[in-house]
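One structure below.
Lettered A, B, C and D in written order, each chain numbered from 1.
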Amino acid sequence: MLISDLRSDTVTRPTPEMLEVMFSAPVGDDVFGEDPTVNALEEKAANLFNLEAGLFCPSGTMTNQIAIKAHTEPLSEVICDYTSHIYQYEGGGIAANSGASVYLLHGERGKITPAMVRSGIRPNNIHYPLSKLVTLENTSNKGGGSFYTLPEIAAIAEVCRENNLAFHLDGARVFNALVAANEQPQPYGQFFDSISVCLSKGLGTPVGSVLLGNKAFIQKARRIRKVFGGGMRQAGYLAAAGIYALDNHVNRLVEDHNKAKILAETLQNCSYVQNIQPVDTNIIIFKLTDQITENQFLQKLAAQNVLALDFGPQSIRLVTHLDFTDAMLEHTVQVLRHLDFNN
Amino acid sequence: MLISDLRSDTVTRPTPEMLEVMFSAPVGDDVFGEDPTVNALEEKAANLFNLEAGLFCPSGTMTNQIAIKAHTEPLSEVICDYTSHIYQYEGGGIAANSGASVYLLHGERGKITPAMVRSGIRPNNIHYPLSKLVTLENTSNKGGGSFYTLPEIAAIAEVCRENNLAFHLDGARVFNALVAANEQPQPYGQFFDSISVCLSKGLGTPVGSVLLGNKAFIQKARRIRKVFGGGMRQAGYLAAAGIYALDNHVNRLVEDHNKAKILAETLQNCSYVQNIQPVDTNIIIFKLTDQITENQFLQKLAAQNVLALDFGPQSIRLVTHLDFTDAMLEHTVQVLRHLDFNN
Amino acid sequence: MLISDLRSDTVTRPTPEMLEVMFSAPVGDDVFGEDPTVNALEEKAANLFNLEAGLFCPSGTMTNQIAIKAHTEPLSEVICDYTSHIYQYEGGGIAANSGASVYLLHGERGKITPAMVRSGIRPNNIHYPLSKLVTLENTSNKGGGSFYTLPEIAAIAEVCRENNLAFHLDGARVFNALVAANEQPQPYGQFFDSISVCLSKGLGTPVGSVLLGNKAFIQKARRIRKVFGGGMRQAGYLAAAGIYALDNHVNRLVEDHNKAKILAETLQNCSYVQNIQPVDTNIIIFKLTDQITENQFLQKLAAQNVLALDFGPQSIRLVTHLDFTDAMLEHTVQVLRHLDFNN
Amino acid sequence: MLISDLRSDTVTRPTPEMLEVMFSAPVGDDVFGEDPTVNALEEKAANLFNLEAGLFCPSGTMTNQIAIKAHTEPLSEVICDYTSHIYQYEGGGIAANSGASVYLLHGERGKITPAMVRSGIRPNNIHYPLSKLVTLENTSNKGGGSFYTLPEIAAIAEVCRENNLAFHLDGARVFNALVAANEQPQPYGQFFDSISVCLSKGLGTPVGSVLLGNKAFIQKARRIRKVFGGGMRQAGYLAAAGIYALDNHVNRLVEDHNKAKILAETLQNCSYVQNIQPVDTNIIIFKLTDQITENQFLQKLAAQNVLALDFGPQSIRLVTHLDFTDAMLEHTVQVLRHLDFNN
């Protein structure tokens, strides 16, 4: 029996076709700038989002942390939702790596508004840090896969521009957002100063994210990547997977979204479910009734080869992805329907 | 006409008696540990709060920032109310000086509870920073001078102890709290790992705060003070004022509290006031009705020799203190009563 | 014509056999601790050097920078030779990542002695940083591939132990050292608190280094790796190359050393050479006579398909490695012999 | 018997005249920018050195550390002599406060040359930190009071300008340099981007240094001072001493220099002296013969009411100053002449 691993879309493994492409990729020493496959990926991703240049990094945490360090200076502050991955799940890196303070907004399902951003901008007074950077996360992980539309992004970009604030996108699942909004990546380049595009989640590659921005920004980012130790030598094997994924694994994300909706509908009728957050993309977050602990639930589920994630008090997260097949969906639906907590 | 300066209790100037003591203090080179007056102040303050040792510093921001740096390590997080001076008004120093992240609680008028502190402790997981330090501010400045009682402090100290968290008090106005609660400083030493005691606010000295803790902590703090550049040479002149203030200016704080209550009662009947926060000590925070801007109000007031502080949208703060005399109170009450915004 | 790339041993690319192993490696999500190949590499490397645990990272710069951050605390100082890679070539990371000061020793060809280390230990006085960490680089890159013997290492370890200093090895080319000294890796574990072992230089893998230490240290290192963004998902493809390299590419380093000696002997008789540093392993550093600039030399060489590195004023570095074949050696010797700077 | 305290010129205490001026000074809350005496001192010092603005701070360590932080950004490097106070005696603050790396030059008695500075500038390459700042110390403490002349300063300033490097002066004893060189402070403003002027050493004030620079720099410095906790409230009492010192204690430094020369001549003939560094200003550094330890010497001296400083292996430092009177000089000369280590 195959395991339905719904803990995260990071668990995706390369398809045979992707693997084939990876290990026939031409490579070189990227620290000398000579890996042709890395260069091709960086260029391809930059073109896609209409930004000048790209930088391939070992993780989305690194692309985010580099962006934060590049956009800030000592005594700066970053404005973001309090649920943001950069604040919640990157080990305190905003402060640890950049010495930057945070102004935490309280958005709706992880999504912030222009008015919220305005309220987070500090007056020009030496008692306060310098407001320097605004970040969005699209889709929002803790928001349960909620997404921004282009007009929403444009309105926040406007506030940033007016107030001379840099604007960064944590695009850990940006293609899920684009597919769900039925939008293209091209316009993003005019709104964001930098974008972190993750390749190893829904897109299915084994390792890596690309940071995008203008040339001067990417030059600075390259320097910070070196200091973090993120410069890899013959990284073309990994980059090749990214190129393949951008060509082949974007449009199919709609299937993951459909599967997520089916799972949510299934849960709607389960007695152990207290409530479910709206499902917009590939993430389902729901609350268990008070009689059941997260651990009990996860163990019962795992006993039937379905894995999910503890997501805080009474909360469970499921994430659909490339490796969650139709057969697995059918199996999971059956399992969820018949889970019994009465014995 | 004398000016009633209610912008802050930091504006206090030494009385003639205090100045006399300062002028005649014996001094030495404190970097060599040889200033007898500094040593006497540090010992006196430590004894008062039943902690082992003290360190005289140029400001309360420095005593707080040193404590945060001494209690944390890289990748740490500080748990505190979002209104805290250490987070709001120290230039982003938690991140800038210590590289520490913040977990911001939303207390009632700046006061947090044991349950809130518990909710802010991160699970042991590399995605999160290390929860290391809890801080209180007593009284709370942005909370409008609200104060903690000893049992409230003891309950939070218990959570800290159970979870191996350091516990620091920002005592910018700790004597206002003690006087209002009718408590003594002695018991504080068993609850807090460190205390910052400010001397230049309600106590009326020109410069300085004392950081208190055990000997090892103060040794570490001394090293951090050196790196921040807070080591002063013949600082005994300033320390002498502190000794005088501890002996002479603590009990009289009750007068400031009484004056604050009279001002609040006066404002209660003023048509330009939307609402007033409860007044527990020497701080009054109130909101203006929507027809009047903070600037209009402050200018009208200043024109009659009363100074107050803009404290955010529609908000005004008044702080009573040693240099705000009975005559000034009478004058201010008259001014507040007769302010007219209809022409 | 194949290019003889002697700029660095980082340019090595996987052999077909290594690529085969990579391609068929079992993988999982290493951030969940579930990549079996990564786990196997970490365990294998730890066993080899007789330390408890390992951590696979994207680069040797990251393993070094993590070790420095894990061994130090704020206000610390690192004692190392001024030629060290950690100081010279990691972008100022000692200060930028760890806020640590450096005490720079002036060793002989990059090699320091117990007496030098002793001279670098600061007195216990708040004017000085806290001496916390000593690092060696074995072999020494800027020292031209010089290496330490075990007794030399043991003597420095003794000074560290006496003075409560952590002891880290930058083992970018540690196997070159071991092969040249005819020593085994096992004893290293008793002398060093941590070791960075690079796999992508002489060992020929595309990406990665392993950091070794005791369990508590590696746990701390894992946390720091997360904050730097060095956690990779399905990293087993890269780790598989490391396992293969440790099994198959260590003993053959002697060939690289022999080739380096032949190149050095060739250069000895070339009129454009001012002097050559002793050649102990796979690095050759020599000075050009004053008539010739580095650029002129490198261009003439490149025109004949031999690449070398500018290594400072009048200095050139050559590094032999896995991909520098016998045929390339023969070609390079001919080219070096017949270079003519008189027209 | 009065004690001749030659350990440092920091031990100076205010004269009765200075004390009189201090305690009659008008003061205000400097954090509000309202202390007239602080403002007057900042302006006076800025005018003196022909720079736009000044910032009064609790110590010379703080003025230096603020300047370093203001002139650098993350991943920067500071170029300075390895004997510099900023590197040797400020607790590792360059790294700890600014995350900046150091390029350490090896000057002659603490004095560096334009060629040395040039050699310390890093190539534009991501492996290196960004060269951002050059600092001089004038006079040089560890150099035994050696001083730079204006043409020497101008030549280094030229290198800085050509290479877009900021240029900071640690003027802990800048007036000793000016008096010895028979120069005026005015021209300094055109060469340095920032100057730290210490008031509490030879000038005899109890506390404080002034940082000078252009307006934008001082605005940035004010923000950093806040974050370090260096903002003081009614600091005018201390600033008044600075104004008095600039008016009355500069020209008399020549007396300290003369006394230093007399002490050096005395030591020249003492059998326990191995050698003496040249004496240019108010510092005398000499080596004891190998038979005598520093401790033995210092204790014998102290027994006769003369205090000196252990300055490293076999080394002793004496510093003359305002509080070292003619009578003390006579006494000290007698003591030095008759010290006997043969029993």
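Going forward, a contact is a pair of C-beta atoms (placed from the backbone, for glycine too) under 8 Å apart; a residue touches a chain by one contact, two chains touch by 3 or more.
Each chain and its UniProt protein: A, B, C, D = Aminotransferase class I/II-fold pyridoxal phosphate-dependent enzyme.
Bear in mind the structure is a predicted one, so any value in this text is a computation, not a measurement.
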- Note on the structure: Chain centres computed over CA atoms; the one at greatest distance from chain D is chain A
- Message: Of the pairs A-D and C-D, which shows more C-beta pairs in contact?
- Response: C-D
- Task: Please report how many Å separate the Cα centroid of chain C from that of chain D, as a whole number.
- Result: 41
- Per the centroid of Cα atoms for each chain, what is the distance between chain B and chain D, given in Å? 34
- Distance from the CA centroid of chain A to that of chain D, rounded to the nearest Å? 52
- Contacts with two or more other chains occur in chain C at residues 74-75, 90-92, 96, 98-99, 126-127, 130, 223, 226-227
- Residues on chain C engaged by chain B in the complex (per definition of touch): 69, 73-75, 98-99, 126-127, 130, 222-224, 226-227
- Can you check the complex and tell me which residues of chain B touch chain D? 7-8, 10-11, 13-14, 19, 22-23, 27-29, 31-32, 57-66, 90-93, 96-97, 200, 206-208, 223, 226-238
- Message: Residue numbers of chain B touching chain A in their complex, please.
- Response: 74-77, 82, 87-92, 94-96, 98-102, 104, 126-130
